[in-house]
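These are the structures in question, set out in turn.
Here come two complexes built around subunit A, the first alongside subunit B, the second alongside subunit C.
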Partner chain A sequence: MNDLVRFAFALIIWPGMLGAAGLGLLYLWIARKLTARLQGRKGPPFYQPFFDVVKLLGKRTVVPGGANRGFFYALPVVAVAATALGLMIIPVPGNPASSFAGDVVLLLFLLEVPVFCDVLAGYVTQSIYGQVSAMREGVLMLGYNVPFLAAVVAMAQHAGGFSLAELCSAPRGVVGVFAAIAFLLAIPARLKSNPFSIPNAEQEIVAGAHIEYNGAPLALFELSHALEVVLLIDLFMVLFVPSVGDPAADALIYVAGSVALVCAVTAIAAMTARMTVVRAFRFYWVWGGMAAAASIAAAVVN
Partner chain B sequence: MKIFGVLWRNLTARARTRAVADVVATPAGFRGMIEHDPSLCTGCTACMQVCAPRAISFDTADRSSITWQFFAGQCSYCGLCVQYCPTHAITNRGKLPPVTGDQSLHRVAHKVDYRLCAHCSRPIIPLPETLLHDLYEGALAQSVHDQQALCEACRRKAASRGLRDAFLGPDTDRERTTT
Partner chain C sequence: MNPFAWLLTLSRRKSPWIYCTSAGSCNGCDIEVGPCMNPRYDAEQLGVLRQGSPKHADILLITGPVTRRSREALLAVYAQMPSPKAVVALGSCPASGNVYARSPTVDGPVSKFVPVDVWVPGCPPRPQQILAGITQAAQLLARGLTADQQREAAS
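Moving on, here comes the complex of A and B:
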């Protein structure tokens, strides 16, 4: 297999589009089902998120008046493409694509693309709810990226290079513990789940940035969210859970760890109420900042 | 940290979600979906006239029958049709419409066949037997049955002939006196 075929396989099959879409929608189902059970409800069957996407794909798209058609259609496509590309380079078990120097930086950029697409979608659709959501998302992004970026940078500093392969093989040590805490702090906000479900606060601003989205573009946004969940969890597993050497055991640890993380985030979402954007911002700059400082300091000292 | 207790109780207890078929108990006096008995219906259209949401309609296109049509999706359960039906063909007994996405299950269509007038063969729908008993009380005379086999115009003629005969005697007698 030459490099092109390997990258194509990684982009389309595993861990890219198809594999991650299935896995991501399954994670979203786990989150919905667990939330429902924790709230005393029954919850949907496992195929519900798949049906939702398929149903949306079959609907006629209505572009809101005053919205730029090009932007309206391009944003969800870019969001899906960026997350799929991010998945292509993440070295999870079974990924045939090889790591290259600086792929961590590329991955960090690709992780931000769907967020930017959301912000732009909020403004493009000309809805006041979308604009409020976009503003909140922008502010929140400046908060959660403090611990998030610090965690990745600390691990890279510790490993001695911005390559995912180096990050995987480097020993985790005390840096890994601090960086993992910082990373975990950022996850609920990155996934827009409680208590940081501020940009998509449905009781306040309805569907947020996606309020005017419908049909296939909305399906693509849902898909990009599913891929984003997988990508973020993959990144956590790659950065902080060391490989044991055996491929089967690695795959098992990968799946179990991912599901555990989804369940943990869901449980936190079920037991907390939404914060205001100011409190969330302060939380990330104070507690996230502390975790970030601790992980960077540990990386520098080591 | 009371929330942990709440979450644990929710997780371990049976879900509060009800199944589709798991219908809640209806309150006393609940009217429910209307039921139509085509054997009592005379096609007078009173139900259609009083139905504000137009859930009831009649299809008169066919010359041999009239079709009573009802769509539960449009019904407001006001019960006016039940109140105004002169033959009590429409009743409500608190029955709920089926919980389904299939609209055809919410539609009812009953055909009421016409009979032909015994005299002029015009299509008619005679009054139901139960209503005749209410009107005439006791056993029905043959004359009542004879009248019901006639259309409105023929019945009127028969009635006026009867009245005239009562005053002037049967036709045969009158002919004899005039000649």
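Moving on, here comes the complex of A and C:
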């Protein structure tokens, strides 16, 4: 099997589009079900997020007046494509694509693309709520990227190179502990879940940047969110959970760890109330900054 | 029936997102929509989600007798919903004007302005009846029998 076929398989089937879409929609269901159970409700059946996306795909799309049609349709497509490309290069169990030098940098860039698409979506649709949401997302991005980027950079410094294969094979040590804490701090904000559901604050700014989106473009945004969840959790598993050598055990650890992470983020979201953007920003620069400094220091000292 | 059409039909029935608008109601029916989402009735197990924007919704819930001042807002909300869509009229007011009938400020019934698919009577209707109305509207959406879908099919 040559490289092209292997990359195509990784992009389309596993861990790219199809596999991650199924997994991501399942994670979204776990989040909704767990929230419902914690609130004493029964919750939706497991196929619910899938049917939501299919239904949205089958609706007519209304482009808001004053919005640029090209931008309106392109943003969700770019968001899905970028996350799928990110999934292609992530070395989870069963990924046939090979690692190359600098793929960590590419992955970090691709992780930011859906965020930029959200910000642009808020401005393109010309809704005042969308613009408030876009502004909040931009501010929050400057906050959560402090611990997030520091965690990845510390691991790369520790491993001695910016390729995912090197990061996977390097021993984790004390750097891994600090970097994992910094990474975990950034996850709720990256997934826009409580207490950092500031950009998509329902009851407050209605539906955030996606307020004017409807039909198929909204379905694609939902899909890109599902893929983003998978990509972020995959990155955590790859960076901080070492491989045990046995493929079956690795796959089992990958699935169990991912589900545990989804459950933890959901439980925190169900237990907390939304912060203001100023407090969230301060939280990330103080506590996130400390975790970032600790992980970088550990990487430099070791 | 081809598999894609079958899947679309099924998902329309399983995922009705609602948007609730008041056309000058006394707030009684709106209060009864809230409990549909609570632990006792939990409409989310039927796939119902309450949306903040009419652009995300499939089913429009209308309460109130349609006053002169709310008429334009109601028409704007209806026009903003992307097809296919269904309309559920909650309570006695949209149908008959109820206690507000023949008031000079009331411009109802609601069927003068938007085509209604399901009527849920009551003053106010109980949450079970509201849920039954939403389910019925979702089934009409799946079978392509809402007024909006019929009009599109005819044109």
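Quick note on the criterion: the second predicted complex is superposed on the first by the 302 of 302 C-alpha atoms of A that agree within 3 Å, B and C clash if a C-alpha of one lies under 4 Å from a C-alpha of the other, contacts with A are read in each partner's own complex, and residues count from 1 in each chain.
In this section, a contact is a pair of C-beta atoms (placed from the backbone, for glycine too) under 8 Å apart; a residue touches a chain by one contact, two chains touch by 3 or more.
Please read these numbers as outputs of a predicted model, since none were measured by experiment.
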The answer to whether subunit B or subunit C touches more of subunit A is C
Determine, under the contact definition given at the top, whether A:138 touches first (subunit B), second (subunit C), both, or neither. neither
Touching A:45 in the superposition: subunit B (first), subunit C (second), both, neither? second
Name the contact category of A:59: first (subunit B only), second (subunit C only), both, or neither. second
Now for A:218: first (subunit B), second (subunit C), both, or neither, which partner does it touch? second
Could you list which residues of subunit A make contact with subunit B in one structure and with subunit C in the other? 36, 39-43
Residue positions on subunit C within touch of subunit A in the complex are 7-8, 10-12, 14-15, 17, 38-39, 42, 44-45, 47, 49, 51-53, 55-56, 58, 80, 82-84
Within the complex, which stretch of subunit A touches subunit B? 36-43, 267, 270-271
For a test of understanding, state which residues of subunit A touch subunit C in their complex under the given definition. 32, 36, 39-45, 47-48, 50-52, 54-55, 57-62, 202-203, 206-207, 211-215, 218
Contacting residues of subunit B [partner subunit A, same complex]: 3-4, 7, 9-11, 13, 15-17
